[in-house]
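Mind having a look at this structure? Questions to follow.
Lettered A, B, C, D, E and F in written order, each chain numbered from 1.
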Amino acid sequence: MTNKIWLRAGLPALIAATIAAVPALAEGPTIDKGDTAWMITATVLVLVMTVPGLALFYGGLVRSKNMLSTLMQVFYAVAMTVLIWVIYGYSLTFTGGSDFIGGFSKAFLSGIAPDSPGGTFSVGVAIPELVFVMFQATFAAITAALLLGSIVERTKFSAIALFIPLWLTFVYFPIAHMVWYWAGPDAIDAAAKALEAADAAGKAAAQTKLDEALADAGYLFKAGAIDFAGGTVVHINSGIAGLVGALLVGKRLGYGKELMPPHSLTMTYIGAMLLWFGWFGFNAGSNLEAAGSAVVAFINTFVATAAAGLSWMFAEWIVKGKPSLLGAVSGVVAGLVAVTPASGFAGAMGAIVLGLIAGVVCFFFCTTVKNAIGYDDALDVFGVHCIGGIVGALGTGILVNPMLGGTGVFDYTIAKVGEYSFSTQMTAQVTAVVVTLLWSGIGSAILYKIVDILVGLRAKPEEEREGLDINDHGERAYS
Amino acid sequence: MTNKIWLRAGLPALIAATIAAVPALAEGPTIDKGDTAWMITATVLVLVMTVPGLALFYGGLVRSKNMLSTLMQVFYAVAMTVLIWVIYGYSLTFTGGSDFIGGFSKAFLSGIAPDSPGGTFSVGVAIPELVFVMFQATFAAITAALLLGSIVERTKFSAIALFIPLWLTFVYFPIAHMVWYWAGPDAIDAAAKALEAADAAGKAAAQTKLDEALADAGYLFKAGAIDFAGGTVVHINSGIAGLVGALLVGKRLGYGKELMPPHSLTMTYIGAMLLWFGWFGFNAGSNLEAAGSAVVAFINTFVATAAAGLSWMFAEWIVKGKPSLLGAVSGVVAGLVAVTPASGFAGAMGAIVLGLIAGVVCFFFCTTVKNAIGYDDALDVFGVHCIGGIVGALGTGILVNPMLGGTGVFDYTIAKVGEYSFSTQMTAQVTAVVVTLLWSGIGSAILYKIVDILVGLRAKPEEEREGLDINDHGERAYS
Amino acid sequence: MTNKIWLRAGLPALIAATIAAVPALAEGPTIDKGDTAWMITATVLVLVMTVPGLALFYGGLVRSKNMLSTLMQVFYAVAMTVLIWVIYGYSLTFTGGSDFIGGFSKAFLSGIAPDSPGGTFSVGVAIPELVFVMFQATFAAITAALLLGSIVERTKFSAIALFIPLWLTFVYFPIAHMVWYWAGPDAIDAAAKALEAADAAGKAAAQTKLDEALADAGYLFKAGAIDFAGGTVVHINSGIAGLVGALLVGKRLGYGKELMPPHSLTMTYIGAMLLWFGWFGFNAGSNLEAAGSAVVAFINTFVATAAAGLSWMFAEWIVKGKPSLLGAVSGVVAGLVAVTPASGFAGAMGAIVLGLIAGVVCFFFCTTVKNAIGYDDALDVFGVHCIGGIVGALGTGILVNPMLGGTGVFDYTIAKVGEYSFSTQMTAQVTAVVVTLLWSGIGSAILYKIVDILVGLRAKPEEEREGLDINDHGERAYS
Amino acid sequence: MKIVMAIIKPFKLEEVRDALTGIGVHGLTVTEVKGYGRQKGHTEIYRGAEYAVNFLPKLKVEVAVPSDIVKKVIAAVTGAAKTGQIGDGKIFVYPIEHAVRIRTGETDADAL
Amino acid sequence: MKIVMAIIKPFKLEEVRDALTGIGVHGLTVTEVKGYGRQKGHTEIYRGAEYAVNFLPKLKVEVAVPSDIVKKVIAAVTGAAKTGQIGDGKIFVYPIEHAVRIRTGETDADAL
Amino acid sequence: MKIVMAIIKPFKLEEVRDALTGIGVHGLTVTEVKGYGRQKGHTEIYRGAEYAVNFLPKLKVEVAVPSDIVKKVIAAVTGAAKTGQIGDGKIFVYPIEHAVRIRTGETDADAL
């Protein structure tokens, strides 16, 4: 196999290292309190972006009779994910094993002490592994919550309670492992240095060692796909799972006939802005240290989002005659989705272009295309997250190009940014998109069917009419 | 007296120190910008968890005619506390003096410069004392605000305006001093080292010095009670004060007869999620540095909360037939309360167990027990905070045990984790619980009576009927 | 010209340096990850204080038929500002050129790499310039959003869409450049050191160099005006622009006759508390590092705000008979505004006094004075931001006095705090206030007129009656 | 048949409902209304703006009943809704010519 | 002229409106009401507190029509609003003596 | 006695109230309603979904008055509520047989 390795971390680790002035000590990586402070902050930002952020963004769009059920489903997804994650999810995702799934060696977080260092994308720089565990937990949580948007207002809570754990186990953990698991910078750097140092005799052995280190990674990671903060793992994944759900659960009663206006765009606005707020933790936090590409991801998360919000708004203004708030905030989310995989790789101007495109494409998709096809993806999880995620995944392959202001991709085996090749990179990106669409699409379909057989997916018609809040939860949102 | 000292800081300071790679310089403790960054962030997180967090959690549960009065009371408690705190509260709480209350040497923050170092729980590690001052201010503020939940919808604003400052002065400051005041790690470490170094001649004198250093602490601190982030000081304290208030102010008109559904569970949900969000500052911030047990507290605040939210939800599902959103978010708060004292001491799996128990116990208490007794603790301050706090305080004594994945308790006099003794630790914990219940229960009762005599506690019946918003504040929440 | 230079940074840089234990390396300023972590956090705090913070504070105060239009206008101001800022705003504001406006050398952020260091207020301490770019972007954004409060409920969206970019370009960028642009500490420190070191022969040349360094700054900066976080640039600027707008757009239909109660004070409360929350990033972040006066600004932002909230509340209680929630939160904003310029300079007790005064003055202005004059500044942008900003700007000149617990003003040419002179300082402060009032007042008036000619400022009467949500955006906030 | 329409204070609804079921009336329709009359409202203050609010929240209760029990119904409502303070409300009675139960098509007396 | 006042299930509004326009009735007024009757409500639980909610959301539709088409209107509303389940609602008809169109001052038949 | 029921545009309430007090009518009850008629509504767009909203917010004002002043009341309401544009609303008058003031038990004329 190649001894090149393409890495999610956009910025050359050495630059990061010098910026941060963190010496790589002989006795292993050190932990800088600035990184720990940032990563704790980033993690709680991702939590708040989901609850209440995403919950409100979704909840505001449903009718008031289903408000609580929507909020509840999102909360449940988060809480259940957090528990499953620390029990076995983290282990399945972030330990070696096969190219497709990890093992149980870290189940119950065994062996992870408060001071265990976890690798970053810079050689010699570590953060407490427990922080990385929870940072990643919030990613699994929001992904599980996102897909619910397409099946709200008609799916039974008991069905969702069962579906979430199944979906995480058979769809999310494998995909996250495929895209994000690798041996880490220190292992590869050490092996590469050893190879250099090795004399004629040791060369072969050293080469094997390096190859082993490089082989110890997920399938798509090795394929060279780059996804800084989760375009494939989070957005394409949840987006396609949502579409499949919408098709299997079926349309809401009266869909297309009755008025189903959002019950509170105020809540949707609050939710969208909290999504933006938290997304800085999501993207800039994905660099795992307060340096280098964290700053790149940070600025890109600003500009691409602003650009997409405005492009959707202006597109709507031109096409429909009025610029709507729902359009603007939908654009915000589309932009955040699209910039997610590119955030640590693209330059600011590239990110603006990406945002402008994402806003218009998703607008076109959620209006024209969706109505043409006629499925009931209640909150446009597919149109915004899957489509936006694909725009981002492919855009990343282009914008990472240093010629376009991108950071290029760092090659740890030679300790510098590797050559950019359009064809190579795009092939890898397309592979990642397709594998994710297939795995998640098929996997989700099977799981929905299983749940349907076990507890039934759909609420009774009269319950759906009266609303899920009263029937599933025995409460009303407003009195 | 014993020269052992049990300490709130769970994690061995040396580990913390090495993680943080902060050298203890000869010329006194140093300040790491990572710690300063984290503590400023943690402090604003605790502020936002109170306003708007707690205010919305409470406000959503009242009837719309009392929404503003509820929001206003919480804001008032925060603003008044902040002023009193910097004027004399901090000094009374965090300066030496007696075992029960400090002195006025730091009134008006005199002597505290922008660069004055404040001790942490690690020898040689400091943060700007002014940051510690405000971090602790937010604790006093939320405690004062919490107790109001039991007396909303019927208590006059003028009564609350008077009660808050009295209660802080005679109940909160003493209890916080008893539990949290101590000489700090550097003083004890220095004295201990001096003792070691001392020759036969100096031994006695050195021992006295060490004993003095150890003696310079609050009553419950010396009793060996551990409370990482405020199970006794914040939750048991406000919980019992709330119950006493509910009994003295009396039931709301029509309580038990009329429907009193929450006017907006959406607001309650937002509030609960902001409480979770801010609580990371509350618990992980209580370590005072971005290292060691901050990471432990951080992960425990995730898992215990998720566990408690789900355990209340499932308990309700089984017992009442439906899982409610209010149940789930009540469980969230119960879990946060219970894990608060344990957050820096327990292992993640221990925290999950603690959360599961807290959720079920508080559910049982707020439904069965409360109805059996029949008092009108409007928002269940007692059932969630006092009961949850007791579960947490006792649970901490058990889960700190290294055998159960706990961190053990650090002994500064021997610079390592001390022996764990169940009986010793539990005795200390029970003492803390009992002393807090008595001091706060009796103290609060007296203060309510005084306020009742001076301005009267209860609103006129017709004003209560029409709502406190219009009558106390001349406004309506919604038009 | 004088070779003294008065600086925005309150705290002696050396203290900051020692606190932070950051060595000023020979090879240029270093970046501490703690600073980067803090500044990223501070920036997202300022974003969240605007959206949804300010948007909700404003939105809650309008009638529900104009809720979305208000939220939308604030979002638009933020998104548009972010794009303009990275394209040419940052360059015009923070590059040299004239005393009144910068140049285009950094347009499109050209030349700013992920690792480019940006100066702080401490010699030898830097942060990634890209972080500074976005931190400042959020300041421009909130300023543009603030002024909208005076013209909501009647101004066409198309007019606002056009006005915002014009206003930023011709009013905000110049004023920000005048007040905040300077060569930076390292340049001046180096030049000053060179002058010292210079021998007789080199003296003259060295002196010229130093003078050049000092001359490379904005007009008001050189005038010696101090404005820590934007009293003039943000608040007086938007406040006067708002008043001019209110006068030119005219009163809302039925103003003074019909009831126009806030449609949701709950939203206004949430917004106000998020403003407080985010303002810590605004003020403490303005120190650009997690040290020294960041801590000062941090505590002042707590105490002045609490004091102002209570002083407005009590003033209203005394004068009008009832303490209102709207009064309390209006006081909160007034206090935040007033402490903004003073936050890094005043002592905590000075900040309390400033807050108490600001609360009462703004209360008096928004009630008595406003009604006497009779203009329709819908959300009191002038009464709170302009008046509060003036109170703060002048108060800063007084409270910076070390005799009053202030930090004094650091003089980089002599590397220590300079002499305080009341008359000098107040002259500078008054100059800044007057220049800002004139430039923004006149500039805004011209721009409103231009917009009125091009697209028309005012909505049609029947559209205004029915509400801007339906007519400008084709949506309703609530269903 | 008649419809007895009563304007009452909101918190009196449960008592009125009980009084009616007490006399065998098991159906009614309630509407949230705002009333203006002798009862004076209150003043609301929002910063500089003071409003005298004269419209007070009331409930309108409509009950369709056979003509012969109208007196009993009026008595029941009056008894339950009365507090003796200004603002207790009014009762108006008007005739209806037809009544139909949608579900069954039953008419008049059977429909009530 | 008569006013036909119908209490219906909320989600039936569109169908009722269509049925009425179908028979040439182009004006109506709708009010959100709460109804109490045979249809049993549901129980709501908020922590320890359990409430039996007996008032269910309904819509009141009022249509002023010439006396001669009252039967047709009743038939149209009944047909559209019927689900056959308890709670479908009621129709009440009462006479009006005058009708005026505010805009034009037209009266009676012309005003409808 | 009669009840004069007027459907008006929301922002006209204050003027109508003043007009009524002007002719000595000091009590009325207001209900928020939605009206359907000739006045065309507007279109709302939420992402892909477009809705034609035909029900417009109106206020229903009910005034119980002695029969002899009905004409004056109609004139007052018409005068105050008129804008001349479509959607100004309607006035309907129907008879009431009894009126009772709950507080005092006064009946009929005295109760108004």
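Here is the rule we use: contacts are C-beta pairs under 8 Å (C-beta built on N, C-alpha and C of every residue); 3 or more make two chains touch, one makes a residue touch a chain.
Quick caveat: nothing in here was measured; it's all calculated off a predicted structure.
Asks: Using the touch definition up top, find the fewest steps from chain C to chain D.
Replies: Steps on the shortest route: 1.
Asks: Using the touch definition from the top, how many steps at minimum link chain A to chain D?
Replies: Each step joins two touching chains, and the minimum needed here is 2.
Asks: Can you work out the whole-Å distance between the CA centroids of chain B and chain F?
Replies: So the centroids are 56 Å from each other.
Asks: Counting only Cα atoms for the centres, state how far chain E is from chain F in Å.
Replies: Each chain reduced to its C-alpha mean, chain E and chain F end up 18 Å apart.
Asks: Hunt down the residues of chain A that sit against at least two other chains at once, touch-wise.
Replies: 32-35, 37-38, 41, 259, 261-262, 264, 270, 320, 322, 324, 326, 474-476
Asks: Which chain D residues touch at least two other chains?
Replies: Chain D, residues with two or more chain partners: 31, 44-46, 94-95.
Asks: On the basis of the stated criterion, which chains touch which? Give every pair.
Replies: According to the stated criterion, the contacting chain pairs are A-B, A-C, A-E, A-F, B-C, B-D, B-E, C-D, C-F, D-E, D-F, E-F.
Asks: Under the stated contact criterion, what part of chain B meets chain A in this complex?
Replies: Touch list, chain B to chain A: 11, 15, 18-22, 32-35, 37-38, 41, 45, 63-64, 259, 261-266, 269-270, 273-274, 276-277, 280, 284, 289-296, 298-299, 302-303, 305-307, 309-310, 313, 320-326, 328-329, 348-349, 352, 407.
Asks: Show which residues of chain E lie in contact with chain B when the two form their complex.
Replies: Those in contact with chain B are residues 44-49, 51, 53.
Asks: Show which residues of chain F lie in contact with chain C when the two form their complex.
Replies: 11, 14, 42-46
Asks: Flag every residue of chain F that touches chain E in the complex, lowest number first.
Replies: Going by the criterion above, the answer is residues 2, 6-8, 31-38, 54-55, 58, 60, 70, 74, 77-78, 81-95.
Asks: Report the residues of chain B in contact with chain C in the complex, numbered from low to high.
Replies: Interface residues on the chain B side: 30-38, 40-41, 43-44, 47-48, 51-52, 55-56, 59, 67-68, 71-72, 75-76, 78-80, 82-83, 86, 108-109, 114-115, 128, 130-131, 133-134, 137, 157, 264, 267, 270, 472-479.
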